[in-house]
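One structure coming up, written as structure tokens, with questions to follow.
Each chain carries a letter (A, B and C) given by its place in the written order, and its residues are counted from 1.
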Amino acid sequence: MSKVEDRLAELGLTVPEVAKPVAAYVPAVQDGRRIYTSGQLPMVSGSLAETGKVGQGEGLVSPERAAELAQICALNAIAAVKGLVGDLDKVTQVVKLVGFVASDPAFTGQPGVINGASELMGKAFGDAGIHARSAVGVAVLPLDAPVEVEIVVALADD
Amino acid sequence: MSKVEDRLAELGLTVPEVAKPVAAYVPAVQDGRRIYTSGQLPMVSGSLAETGKVGQGEGLVSPERAAELAQICALNAIAAVKGLVGDLDKVTQVVKLVGFVASDPAFTGQPGVINGASELMGKAFGDAGIHARSAVGVAVLPLDAPVEVEIVVALADD
Amino acid sequence: MSKVEDRLAELGLTVPEVAKPVAAYVPAVQDGRRIYTSGQLPMVSGSLAETGKVGQGEGLVSPERAAELAQICALNAIAAVKGLVGDLDKVTQVVKLVGFVASDPAFTGQPGVINGASELMGKAFGDAGIHARSAVGVAVLPLDAPVEVEIVVALADD
């Protein structure tokens, strides 16, 4: 097992299996020594862990819960990378992470939500997990997911 | 004519000419053996094929129509790539596709809409057209376009 | 001082210092000869220059003001690149620029807003500043910022 997965195991987290979508796209693509993942939703065992918009108030997903969901997205992104490279210790750098938060128009705490994903990258990959990132608030996400995360990672030259 | 364009011709599709925007940006940029396109709107002969938000109900662009518009965006993205490489058969991989859908807040079917773009990549480029992708729902797009699509493609080493 | 900064100085602009966020991410990451920046907000001396949604009408940030804010975002993105390379003349190409505009649902002038960022790239980097770009309108941005801009740039081989 990779050191990355050892570190995740210490957090009680397991990299899930990736179900290949029956579709015109795949969870991740390798181009040279870079891997681009598809946007990952907070799916657990094939179902969304939660739906709705993020914000403060009745009927909204709380920012704290949304940060947990962002961590699930990040774990799924790691799984998508593992599906291509096998050994996650081949990842030399998490280059970029983009996080989309389905946001109530009054909610401006997207950075705190996406920290749930960013911090997992640091915990899993150590210094190699420190990335550039963008966090934006969008109107609505696929299947009414509260959060979506995509990453670009770099691999060792060989 | 490239095999890519042959396949598109069989679908009744022609890669349009790219009008270079009189602006501080261009339809696509090549960096090494990768091409990044600008976000492509569903323009046909210089005008938007349709405007509005996507969703179910009165006054909205239907998801089925939006998928057709996503295909037009994808064709324009292919045109932007062709404008740089000339021969589309030099494309070895469609690496990433991002699709933005101007969405009614209740609409969560962004993946189905962006399939209109993803599937065209598969039809045009075969296995090389199978990509990573993200689909998100946004509040509003330039000129009130219902869909916007951008791609990153890789070229052969020479 | 780099030629890039000379050109900016002629416009009365100074590349600011980058405050490294105390967080699980950084303002920019270099991967090979490419640099990806984080999404940049219109921060001036550590505070947002303005907050709110962009559009026409009472209580909204005007498109003209938003274009100025987009220029500030672009300057901050240049600062993030400088923080890694030191000498901005090492940048051989601004490859991609993505601009998110926190938009009133009726506002469709995102391209005009993001021109504030795109045009600065041309002024700062000359031909190397002409990029591919995407402009999208989103529901809300971090800290209620009206605009967010991220870039990818390429560096000379050595």
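Methods note: a contact is a pair of C-beta atoms (placed from the backbone, for glycine too) under 8 Å apart; a residue touches a chain by one contact, two chains touch by 3 or more.
These numbers come from a predicted model, not from an experiment.
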Matching the CA atoms of subunit A with those of subunit B requires turning by an angle in degrees, to the nearest 5, of 120
Any idea if subunit A and subunit C meet via the same residues, over half in common, or different ones?
different
Distance from the mean Cα position of subunit C to that of subunit A, given in whole angstrom:
24
Got the subunit A residues that touch at least 2 other chains?
138-139
Per the touch rule above, subunit A residues touching subunit B in the complex are 23-29, 31-32, 36-39, 98, 100, 102, 138-144, 148, 150
Report the residues of subunit A in contact with subunit C in the complex, numbered from low to high.
33-34, 93, 95-97, 103, 105-111, 115, 118-119, 121-122, 129-139, 152, 154
